[in-house]
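Below you'll find a set of structures to go through.
Both of the next two complexes hold subunit A, though its partner changes from subunit B to subunit C.
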Partner chain A sequence: MTDVILEKVGKAYPNGYHAIPSVDLSIEEGEFIVLVGPSGCGKSTLLRMVAGLESISTGELRIRGERMNEKEPAERDIAMVFQNYALYPHMSVYDNMAYGLKNRGMAKNLIEEKVSDVAAMLGLTELLQRKPRQLSGGQRQRVAMGRAMVRDPKVFLFDEPLSNLDAKLRVQMRVEIRQLQRKLGTTTLYVTHDQVEAMTLADRLVVLNKGKAEQIGTPMDLYNKPATPFVAAFIGSPSMNLIDANLTEQGIKISGALTLPLSHQHRGGIVWGIRPEHLEVSDEQNADFALRIQAVESLGAETLIHGKIETESGNGEPIVVRLSGPHLPDVNSLMWLTAPVSHWHLFDAKTQQRL
Partner chain B sequence: MTVTFPQKGLPWLLLLPQLLVTAIFFLWPAEQALEQAFYQEDAFGLSREFIGLENFADLFTDPLYYQSMLTTLVFSFSVAIVGMSLALLLAVMADRVVRGKLAYQTLLIWPYAVAPALAGVLWWILFDPSMGPIALWLKTAGVNWNHYLDGNQAMILVVIASTWKQISYNFLFFLAGLQAVPRSLIEAAAIDGASPFKRFWTIVFPLLSPTTFFLLVVNLVYAFFETFGVIDATTKGGPGQSTTTLVYKVFDDGFVGLDLGGSAAQSVVLMAIVGLMTVIQFRFIERKVQYS
Partner chain C sequence: MIENRPWLTFASHATLLTGIALVALPVWMALVASTHPASAFGVGHIPLWFGDAGAETWGTVLFEKAGNGVDTPVWFMMLNSLIMALGITFGKIAISLLSAYAIVFFRFPFRNLCFWIIFMTLMLPVEVRIVPTYEVVANLDLLNSYTGLTLPLIASATATFLFRQCFLSIPGELVEAARMDGAGPWRFFFDILLPLSRTNIAALFVILFIYGWNQYLWPLLITTDDAYYTLVMSIKRMLSVTDGDIAWNQIMATTLLAMLPPVAVVIGMQKLFVKGLVDSEK
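Moving on to the complex of A and B:
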């Protein structure tokens, strides 16, 4: 069943600025959707429009078939977790979680039951009488989630909820959020700028760029078949190698020095891409090109090698190679590489669409 | 950070002007008052006689003094409560204004720059029973306004005049306090189903409590000690004793009634009250509720 539908939803400000031209998205019940993009891409604005904290300028938002554009945030049956948690500082953890239920006129004993259930689920039972300032970052985060869960809303909205936590806690909370969402089965819309968070949490991802949905799909769809160079560069770490090139009769010409044979009907400017993990070490005879090594990053389990494609003029395109396991090639030495055709990504330079 | 001066003399030299001002205009008169409180002086200041605590004894057996204390309390709390409520209302409204925000805020701050006596005269004219526009309007509305005869009306007048001046100050602090409340808290409360009214009383107002408490103390101190100008320009403490606050009584008894000793004893009592209020103020403001 489709739960949330955004139909040509757009946001224009009174000064004429179109933050979001038009976004179409339909979310299934229980689905975990992540809105991801660089800062300023409109992802938070879009989330706030769903929450009712920002007005919807054009298009329509429907939750369970009902038009929501004119409804107050409280009438939309959504719950939101804010980046700074937005816990009420003068209220105890219990009161923070009970506030929304009290406002809805729920009976006191029922509130107590609900809050203690959720608190137990999140391991907050011991902390119910504390004030937010007496909690650690991770605990505050949990309270913020508890406050959202206790109301049993139709939709959860998360606005970069993990960005104020340290790296270790972030990984832990990420797993917890995913497990909780699975258990509760609540439709979720989650905003982040962190592609790892996006890839690991999402059933489907929406990559936003300048207020436009560049691509919507499962994390693996986006990884395997990015629709635009923007998505290609955004998903995956380190990012995909993207090089401006020309497609001719002979194949792909890069920097006028390197030709990769390919028969394709398209002619003219393209963006050629290959992920760092798909480049393979080879020898001089079989290699597609040589890489002049500039820096080596050894991470133990893998090694990132930064270099430039070796050309006669000496200013080849920069390339990153990701090899598994430890490698220690000399800086400034040459490394022979092949780029398997099956892993190439080609985009039209003009339309920025996948070929 | 500590800065150390090579010579011992220079820091004192730099402090000297402030120390002189404090000594000449604050410490010396205070000492004089303290001394005078134990003497009885003739009206022309030609002779005086040590009488110990008699001035204080007179003071604390004088029903008029207690009457004045009550007047001061009524006056001060009225000024503080009316001033703060109106300022909060204005601050909440100014905080919601989007267009021309700066103009509103600037206009609302202006009255603070008006001298107390001028503020007094302004309201005195507006409320003058024979020609004041507000008094005349009140008459057509059926209220017989004459603060020269009616003590309660006189009290209302001095409260209005004193409050008007203090609203700007309160407004500034409330506005800053409101702007410090994170927007996301209000949004969270909106999602939690609280009406705008409820959001204000359950979220915003409690978060303003440090500001509110600070302003309560400041306003009480203001009403207690800094409203002489307003009262002198409007009612001169009258009719009868109905607007004679403790500070006005010090002036009235000392310089009009020429009872310098009694007036000095009153100022010593006032000094004690100021001290007490300062202690309370610092105690609570130091321990101001910390929200993070």
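Moving on to the complex of A and C:
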């Protein structure tokens, strides 16, 4: 069953700025959707429009078939987890979680039952009488989630909930959020700028760029078949090598000198891309091109090699190679690489669309 | 580094003790004076140690009549002062809380203009607008009434400004979270805003109570009935005796009694007061 539908939803501010021109998205029940994009791409605005904290300028938002544009946030049957948790500082953990239920006029014993259930699920039972300031960042995060969960909403909204946690806790909470969402089966809309978070959490990803949905799909779809150079660069770390090139009858001409043979009916300017992990080291005879190494980052499990394509003029395109295991090549030495055709990504330079 | 310079310690202690002595001396003199009979002052020297008429003077002043032409006892005038001071304090706090709430959390046309108009009333204390205010109060038939004593002093730009600053420091996400939790404007005000500005309210209470208690000119102007005389203005009346000696012992006792409530408020609310001025836990 389709749970949430955004139909041509757009946001324009009174000063004429179109933050979001038009977004179409339909979310299935129980689906985990992640809105991802660089800061200022409109992902938070979109979430806040679903929450009812921003008005919807154009288009329609439907939750379970019901139009929501004019409804107050509290009437939309949604719950939101904020970036800074937004816990009420003067209330105990229990009161923080119970407040929304109290406002709905729920019976006291029912509230108590619900809160203690959720608290047990999140491991907060011991902390119910504490004030938010006596909690650690991770615990506050959990209370914020508990506050959302006690209301049994139709939709969860998360606004960069992990960005205030340290790296280790972030990974732990990420796993926890995913497990909880699976267990509860609640439709979830999650905003983040962190592509690792996005890839690991999402059933489907929405990559936003300047208020436009560049691509919507499963994480693997987006990784394997990015629709635009923007998505290609955004998904995956380190990001894909993208090089302006020319498609001619001989193949792809890169950096003036280098030509990679390819027969394709398209002609003219293209963007040629290959992920750092798909480049392979080879010997001089079979190599597609040589790389002049500029820097080596050894991370133990993998090694990132930064360099430039070796050309006669000396100003070749920068390339990153990702090799598994430790490697220690000399800086300024040459490295021979092949780029398997099956891993190429080609985009039209003009339309920015995948070829 | 821990400083260990005995001379510095000595000097700073000496300075502080001198300061305390300077501040406390007049209070001490008043206390001593109230324990001597009225005639002790005619001789020309000021006694420095307690006399033996203390209990009698204090008893008369507090329960019978303040003396020097003021026939009401001090406890009654204290009550009047208390009603006025508390009326002004609570009125000011309530009005400023509401106006700051409106200015910070609601979008209405000319919002900023409203704020600046309120702010400009800082330039118009009672003393400046006393004639027109008197006229208004007289026309409303509020002379010689508690309403007349308190109402014209209730509007407060300072308190509005303070609450505005306090509310502005409340993060927007908290407001939004409350909206998601289904809290309407009133619920938000009572459940979230009031508890969060608790310490600010306490700090303002102290300041405003002293302000209200010490009102002198306004009560002097609009009360002509003994039943509404406040303590602070009565002290002045006790001094303007035309015939006979001034009973300084009674005046001193009355003055000390007039000091007690503000002192009690400051001491009682000291902790909250400091917290309200310093704390920014939000």
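Some observations on this one:
Note that in this section the second predicted complex is superposed on the first by the 355 of 355 C-alpha atoms of A that agree within 3 Å, B and C clash if a C-alpha of one lies under 4 Å from a C-alpha of the other, contacts with A are read in each partner's own complex, and residues count from 1 in each chain.
Everything that follows uses one rule, which is that contacts are C-beta pairs under 8 Å (C-beta built on N, C-alpha and C of every residue); 3 or more make two chains touch, one makes a residue touch a chain.
Quick caveat, the model's predicted, so the values are computed rather than measured.
Placing subunit B and subunit C on a common subunit A by superposition gives a clash between them. Applying the stated contact rule after C-alpha superposition, one finds that A:A227 touches neither subunit B nor subunit C. In the superposed pair of complexes, A:A213 makes contact with neither subunit B nor subunit C.
In the overlay built on the shared chain, the residue A:A339 is in contact with neither subunit B nor subunit C. Once chain A of one complex is fitted onto chain A of the other, the partner contacts of A:Y99 extend to both subunit B and subunit C. Once the two complexes are laid over each other on the shared chain, residue contacts for A:F82 go to subunit B and to subunit C alike.
In the superposition on chain A, contact of A:A74 is made with both subunit B and subunit C. In the superposition on chain A, no contact is made by A:V50 with either subunit B or subunit C.
Within subunit A, the residues touching subunit B in one complex and subunit C in the other are 51-53, 72-74, 78-80, 82-84, 86, 88-90, 99-100, 103-104, 133, 147. Against subunit A, in their complex, subunit C makes its touches with residues 171, 173-174, 176-183, 187, 191-192, 195-196, 198, 281-282.
Of all residues in subunit A, only 51-53, 72-74, 78-80, 82-84, 86, 88-90, 99-100, 103-104, 133, 147, 151 touch subunit B in the complex they form. The residues of subunit A lying in touch with subunit C in their complex are 51-53, 72-74, 78-80, 82-90, 99-100, 103-104, 133, 147.
Of all the residues in subunit B, the ones that touch subunit A in their complex are 182, 184-185, 187-194, 198, 202-203, 206-207, 209, 290-292.
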